[in-house]
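All chains are identified by letter, namely A, B, C and D, in their written order; residue positions are counted from 1 within each chain.
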Amino acid sequence: MSAAMTFGSDNHAGMAPEVLTALAEANVGHASGYGDDRWTEQAENLLGNAFGDAAFALCLTGTGSNVVALSLALRGWESVLTAKGAHIDLDEAGAPEHIIGSKLETIATPDGRLTPELLDAALRAREQHHVVQRVVSITQSTECGTAYTPAAVQAIADWAHAHELLLHVDGARLCNAAATNRCGLGEVAPGADLISFGLTKNGAMGAEIVVAINPSLRAPIQNARKQATQLQSKMRFVAAQVTALLTDDRWLNHATHANAMALRLADGIGNAAGVSIIHPVEANAVFAVLPAARISALAEKHHFYIWDAPTNLARLMTAWDTSPAEVDQLVADIVAG
Amino acid sequence: MSAAMTFGSDNHAGMAPEVLTALAEANVGHASGYGDDRWTEQAENLLGNAFGDAAFALCLTGTGSNVVALSLALRGWESVLTAKGAHIDLDEAGAPEHIIGSKLETIATPDGRLTPELLDAALRAREQHHVVQRVVSITQSTECGTAYTPAAVQAIADWAHAHELLLHVDGARLCNAAATNRCGLGEVAPGADLISFGLTKNGAMGAEIVVAINPSLRAPIQNARKQATQLQSKMRFVAAQVTALLTDDRWLNHATHANAMALRLADGIGNAAGVSIIHPVEANAVFAVLPAARISALAEKHHFYIWDAPTNLARLMTAWDTSPAEVDQLVADIVAG
Amino acid sequence: MSAAMTFGSDNHAGMAPEVLTALAEANVGHASGYGDDRWTEQAENLLGNAFGDAAFALCLTGTGSNVVALSLALRGWESVLTAKGAHIDLDEAGAPEHIIGSKLETIATPDGRLTPELLDAALRAREQHHVVQRVVSITQSTECGTAYTPAAVQAIADWAHAHELLLHVDGARLCNAAATNRCGLGEVAPGADLISFGLTKNGAMGAEIVVAINPSLRAPIQNARKQATQLQSKMRFVAAQVTALLTDDRWLNHATHANAMALRLADGIGNAAGVSIIHPVEANAVFAVLPAARISALAEKHHFYIWDAPTNLARLMTAWDTSPAEVDQLVADIVAG
Amino acid sequence: MSAAMTFGSDNHAGMAPEVLTALAEANVGHASGYGDDRWTEQAENLLGNAFGDAAFALCLTGTGSNVVALSLALRGWESVLTAKGAHIDLDEAGAPEHIIGSKLETIATPDGRLTPELLDAALRAREQHHVVQRVVSITQSTECGTAYTPAAVQAIADWAHAHELLLHVDGARLCNAAATNRCGLGEVAPGADLISFGLTKNGAMGAEIVVAINPSLRAPIQNARKQATQLQSKMRFVAAQVTALLTDDRWLNHATHANAMALRLADGIGNAAGVSIIHPVEANAVFAVLPAARISALAEKHHFYIWDAPTNLARLMTAWDTSPAEVDQLVADIVAG
């Protein structure tokens, strides 16, 4: 499928114009490979401005950056506590278990968000028969389109640290969470030891960054990236994408726009007959039960996924380039009845 | 370092113009992610034309495509026979052993090339204490700048198959080998079961393709790619690079040019005082011992790597965009004395 | 703790007398290592009598035999469906994920038993983002002290095979299940492709056997065992244990006795005030809620585990050497009130 | 094969009498599993007397104890430097690479012994493309029947620590090395951070102990052992073997005897026609080139391995129970001509 616009995923969108421009501008002459270039230096400076003191590793895919980040924290006999259905649990083809060799322990959640209470119930005494629970991994914003408040993230970080665990944040959509919380990238995951910071869904071609905040986890970040197959030789082209989006708050404009389009959509259909919105709309996704008789036709026309067929649940995603007119057309088609 | 031109590596070069153009042309509207798009279909058709009947998986890095390819062939208790110093042995931070869990057994070679005789000497009887030797992996063209003839590859394939092993070809520079051998991509690694076909060094931004030729190895190629973190969401941008370079024999023009520049360089310095060329120049690299007194200054000016400092051995690499004038300047500086 | 007798675990019991005798009898002169000896040949003959045509690998621990068995069936991107809380999920310190590199997907069950219906609900469409579901692993008898009927196992095998999955049976207590079902070892897990057959809990010192029934899974069994660290050099001493217990139906006598002691215990306390038995008693374990005020004192005196403290749930296990008098004393102490 | 006596391997020997006695004595009543018993406490006390302050984990196989020990020291992107042909390299079916996920880098040696000079030549600068060299693993005594002096071990330990590496000692035959060096178990591998201490070849049925000396490596030893499948439930029977051999210097008597038998053999055949002894005889193995015309018949009669057929090299091993008469018969048969 390729179409004007779709509501299938924020990765159906292409590159933001400034990203393409940055690729063209970086394509001049020769540059050393593997990050020893001025584009990477510039990107890391901007990341430092955003996240503060940390080690950074530019990666290529979200699965890749999650694996690299988690590998910095885990020994083979240690485990990760995460929400059932989190990207690392369901949508990475088992890469975390396979590459890192560590068990994932999943916790059912109502809306993708873990809480200290849910974690308390999953905590086990440490003994030799069991894996050692070592990392809590949350997604900010979540796979359900919800976002943690910074205070909620801090509460999980405090819980983790009090129990000798570390906090990893899968931030494939960290920008959307920051826009929702009206705060900076460095403030939307307070207390995190590791962040997988994604820009691909924000308008990059493919740029995901491991942010190692906890000083004890930083040293092997380059070796871990290389071993996880995530080191691009012509790194300047990844770095240029990062710089393009972190300059002049473009990441924030894109995320704010995508979030606004999701709210516009939710507002438009929330009271329609046969429609019910499942989760709070706090990022760029709307999970909505749609009328059974029309959901298939709607999905075909507007290119969205039927998330759970038996319950007629659809996932409607907006992106940095979703237009109000397209949202309004989708609303009209849903409401039309 | 970023400079006009360098002799450090073929990945110091940027994108060929047609690749950048292709990225821009692919950046229109929305497209489904993960390969379900018309650009991927087009790229796979061109790959099919080049390699014949096979399964393809577009990947992002050379290490990634090697890991994906080898993972299709290996169980945990099986091993890979490869040349000592091959990329999978030395320059992938242990990714093959770590991600696949299989042992690499290395064989010393004079010039990067394995032979049936060298393999015979490494063959072991099968018994329970040992890994089961399962894959021979060769690099075409090699890390030493040499290339196998198709007949030499076929001889290794025959050896492998006669001993119940499979043949993997690391083709990060397969284009250069094909240009040298004046044959097509599908003819330069005859008998191979798996090829990692690289275009990054040929002018792409980052595009490496796993080619699964042996029918028994094809089925899980997509899951293996995803698990190895190599599945890009906005796949059309990888596919567009492949199409750009496989169209109108651009890959061949780039490789032929790079090879010619290496020969021009070798011809220019081969008879100079204090210079000796180590390996046959059959691709786009010249390994040359340079005068001890001047090697450092030359390396600094022309941005090449001193490969082995004690012996004053330099690696001089050319790329798709290396100009004759630059080669001539390097020759002049070396010969100058 | 070391005590006359306990209800803590069937592995608190020592060796059955015939096992010790067999060790002594095997301790004569020299024998080739690693299974090339007449004791191993004899043990494998007896295993063949019990299980029919299959490949066997004598191992040392239950976790070891589970890892070896599962490794025969799984590629890295494939997963195992198993009951939440199964030994491979909870009590093997993540060995399956770590050593095999494959994801475990757990399914909540009421009493440790999976069913085709539960499996149906866990089945996913195959696509590249997900692991490929490949093995169903059940425990016979279960960690809850329940046992599958042969028909129930066959139904799961049929389900698995109909969906292109394989069936693995963790038979750490297969003997108890066979005794309960009044059938042979080869009849208590019909349709299984792989069985981890345990004798340690049946009176061995340490002997667990991988049974590879599916012909397509047999070839690498010895390499898989060695790589999983489970190959003992002085194999005759493992084999002698197997022979001791498989001769003259000793395994059956031990299991029948242990099961009878569990039933005697359940019968004794089933109607006592404040006591409720949680799962059907179909093997050698009784899961019983005990009076809150006395459970700690009882656990201390009789050496059993409080399985779930908040609900006063105890696990009471019997072994091949549990005496009726000890059971009666435990019953008396529980009933005494 | 099972025979009166053989020269095939020290693991062809059975249990020393005191080991069998200890198994019988430990077989009384119930005991808690997994090491929470008085036999394990006693064994660990004796190990503490021998090795000083350390953490201990009783294991079942040599491959198992090597994997557990190395896993304590290594992250995935770190490597092991070891002698080519070391047990971990050749005879563990790839278990270290597979289970730990770390690369082994092998170094050719004349007689199984590494030296600081050999290690210097293998040392690489640290950078992101390579594995981080982290552990040196030596075998004491070696697979060639040679032994390091304590000073030689200390020199390697010093080299390792000076380069931020750790020292692991594969001590499957540590007892033989201690006997040769006339020192205690705690003195024969000075500076080691980790020791795999074997008793199986010394007269145990199967008992191998991980000794974690470096305090920073001790904490996860129990989880690492469990995850590597090496935790026996009925641990008292492993512990009893350890105690039996560490009591009254029985380990030393066994090793001294085996070493003496090897020397007796070497002395007997060293000057015979057509015989040449390859390595210094410093433990319980003699590597000897034997007359081509008779080597096969000798091997068949005396059950030893032809180590390298093209060169008529035999490995002749003695054990705790090898008798002088048997040695003399072997000598006579070799010398007879």
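By definition in this document, a contact is a pair of C-beta atoms (placed from the backbone, for glycine too) under 8 Å apart; a residue touches a chain by one contact, two chains touch by 3 or more.
Every value quoted in this text rests on a predicted model; they were computed, and no experiment measured them.
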| item | value |
| --- | --- |
| If a chain touches subunit A and subunit B alike, it appears here | C, D |
| Greatest separation from subunit D - chain, by CA centre | A |
| Between subunit D and subunit C, distance of the C-alpha-averaged centres to the nearest whole Å | 33 |
| Distance from the mean Cα position of subunit D to that of subunit B, given in whole angstrom | 42 |
| Centre-of-Cα separation between subunit D and subunit A, whole angstrom | 50 |
| Multi-chain contact sites of subunit A, meaning residues that touch two or more partners | 76-77, 92-94, 98-99, 101, 128-131, 223, 226-227, 231 |
| List of subunit B residues in touch with subunit D within their complex | 76-77, 79, 90-94, 97-99, 101-104, 128-131 |
| Of all residues in subunit A, those that touch subunit D in their complex | 34, 71, 75-77, 100-101, 128-132, 220, 222-227, 231 |
| In the complex with subunit C, residue positions of subunit D that touch it | 1-6, 8-9, 11-15, 20, 23-24, 26-33, 36-38, 60-64, 67, 92-95, 98-99, 200-201, 205-206, 223, 226-234, 236-237, 303, 319 |
